[in-house]
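Sharing a structure below in structure tokens format, with a few things to ask.
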């Protein structure tokens, strides 16, 4: 499906989504509260976006943005979904029961950025040691012992 | 030609002429004991060196080549290292059994050496139940393994020991049936009789099809009995348990290690005796001239040559095949090898009755 | 190395596998919950080789961050560097000269062969055969020598730069690669005889570690793991980069979904790589090896994503740029991370020996997972 068709489809499902067409793939910005239902529909619908190939978070000093890259193995189209989160209380619904790959990816985002994924079966630190304090990938993370500022 | 039986008769006469009869006998016991231990040591050193060199050749590398010409002193250096190692006994091990287990395994290996004919008239004791004695005593080593596994106080040693025992006990059946197939042809369990009956040709040629099947089954069963690859799940490094001899170090580990190679030597010696004629040179029926030429090579060379060839084949297996999983291993025995060897025994009996062998 | 932690009341055994592992997979710590010999759960504990590459790259320039990435999946070092060079070129709209494109693809395919060789030897060693290790390294040695002459290094080559490749090829390059191709075809036949056709290997790999196509899509598996379950996922076909759209090669798809299918996919991929190299090695066009780029590179404001096919699967590089000389946020989407999440699903209900075989066919490189 082309970008135009995708844009039409997405506005049908979720009229409040903000769509940005610059860039290689369609960028869709969704509200955090509506994200879960949007994700479910996108998976089941004619767009058939069944392959989640990148799940990450970007720290924009005033807020956090979750970035999801979806792909369809049948139609071969990709979209990027972005969700803006509040920096002080970043919470979002998990999607790991729809795309099983999200389980480990969300754990990584949790430990690096501090985003709480609601209803995640096993949210704990993945790569960092169990007693680590702080969220390393945030821009304001300070570690006077280990970090060297150039 | 040089023959070992000349040596034994010289020693025997010398002792009897200089000492009273009982003392001569006692002296002979001591000499035989020392010779057996000496043979062990040399065999152990030699076989470990041979394994490393064979492995190197198959893996396109050189193997030990620093100590001594072609690295023949490598194993002696390893032995010195093992002697100097600290042998820890785990805290919750059963001390008596833990220390006893390696000795049981080595003593069993020494006991099996007794009826084997290394050369013409050169056996420690020519029992009238020679082959039966060997199979019976080799089963005792299972006790030593279980003892080692249980007394280590380590759950994984026990698991490894039990797997080992299951394996050994199962494969003894096929090995035993293959041995019986040849005994059917020879009619006697005595080792000297078995070798003498191969004077006009080795049983593997005279007994054609059933003998070849029995030979193949015996080689497979022998590899499994001695816990060698591809049946070495009990001591596999990339799997979970490190086997029944995990907790052993130093000289005790050396005894287990040595006994494994001695066991290989013994099963190959039995195989050579039963199927390939033992110390009997390669005779072809009644070609007198050919047989006479073959007789010039001393019988001990024949025996050791055949055994070393079979040991090479078993080592070849190790470096070629991957490991079988434990259920596949037992499957192979109970569902395939055992029925085939039973059927083969029937076939051999039929052949012996009808006189269809050479 | 392997020790027992506790026995739970239900009689389940919890054991550690790793982090020091007898098989050459790297520092991976797995906690297995067993019931007798049957596996009930596998839980990976990662982080033993975490070097915070993503955070580090936020303070490195666009020319510098490439060198860090060859340490991620060190067996496909060239391909990692290729991905980073491609994304910078995409951002700056730089046209890479044809000669550089051909060289890059040849180096990529040589790396793929070398990586699959090491996988093959480690896989055989896990199952108990020690000889293939030495045979495979004999081939890898030839590839490493070729790399060393041209790139200067054997493992972390750092040869690809934004705009092309770093230096001119060594004069012996074509000759050596052609000699290697001839030798390799013979030895690939040898490998098939020794390992693939061996009944013991087959019985240890067939029917083990099955994963269906739907699960592969859901778990996000890529590379040979996905292709062995019937999913078309070769990035070289879906989104070709450099000269991949001009060469002819097959995408190997098997439908078995078990360990043997994954094994077959990788072995056949090696033949396809040789086919690609054969088509390119005689036709490398003359020209520049590097496009002219500024000394200090600054990507324009925006986001970029580049996917390449490493030996393990799809590597994704995602850069968020604010127009500065350093990236604002880099994310590396590593193939091993998703493949590892499928391990638990794959081995439930199988025995420990099967678990070792399944992990071998997943071809995990832990620095790739931990980054």
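A, B and C label the chains in the order they appear, each numbered from 1.
The rule we apply is simple: a residue touches a chain if its C-beta (ideal position, glycine included) is under 8 Å from a C-beta of that chain, and two chains touch if they have at least 3 such contacts.
These numbers were taken from a predicted model, which means no experiment stands behind them.
The minimal number of chain-to-chain contact steps leading from subunit A to subunit B is 2.
Here the chain at the heart of the shown protein, by mean C-alpha position, is C. In this assembly, the C-alpha centroid of subunit A lies 65 Å from the C-alpha centroid of subunit B.
Chain centres here are Cα means. That of subunit A falls 25 Å from that of subunit C.
Remark: subunit B and subunit C have CA centroids separated by 46 Å (rounded to whole angstrom). Not a single residue in subunit A touches at least two other chains. Residues of subunit B found to touch two or more other chains are absent.
The multi-chain contact residues of subunit C, meaning those touching 2 or more other chains, do not exist; every residue touches at most one other chain. On the subunit A side of its complex with subunit C, the touching residues are 22-25, 27, 50-54, 56, 58-59, 67, 69, 73, 76, 80, 99-101, 103-105, 126-129, 136-137, 150. Of all the residues in subunit C, the ones that touch subunit B in their complex are 2, 4, 15, 17, 22-23, 124-131, 133-135, 138, 194, 198, 200-201, 203-204, 351-354, 356. Here subunit C touches subunit A in the complex through residues 46-47, 50, 52, 54-55, 59, 215, 217-220, 222, 231-233, 238, 302-305, 307, 314, 316, 318, 320, 328-329, 331, 333, 337-338, 340-341, 345, 370, going by the rule given at the top.
Of all residues in subunit B, only 55, 58-61, 155-156, 229-230, 232-233, 236-240, 242, 319-328 touch subunit C in the complex they form.
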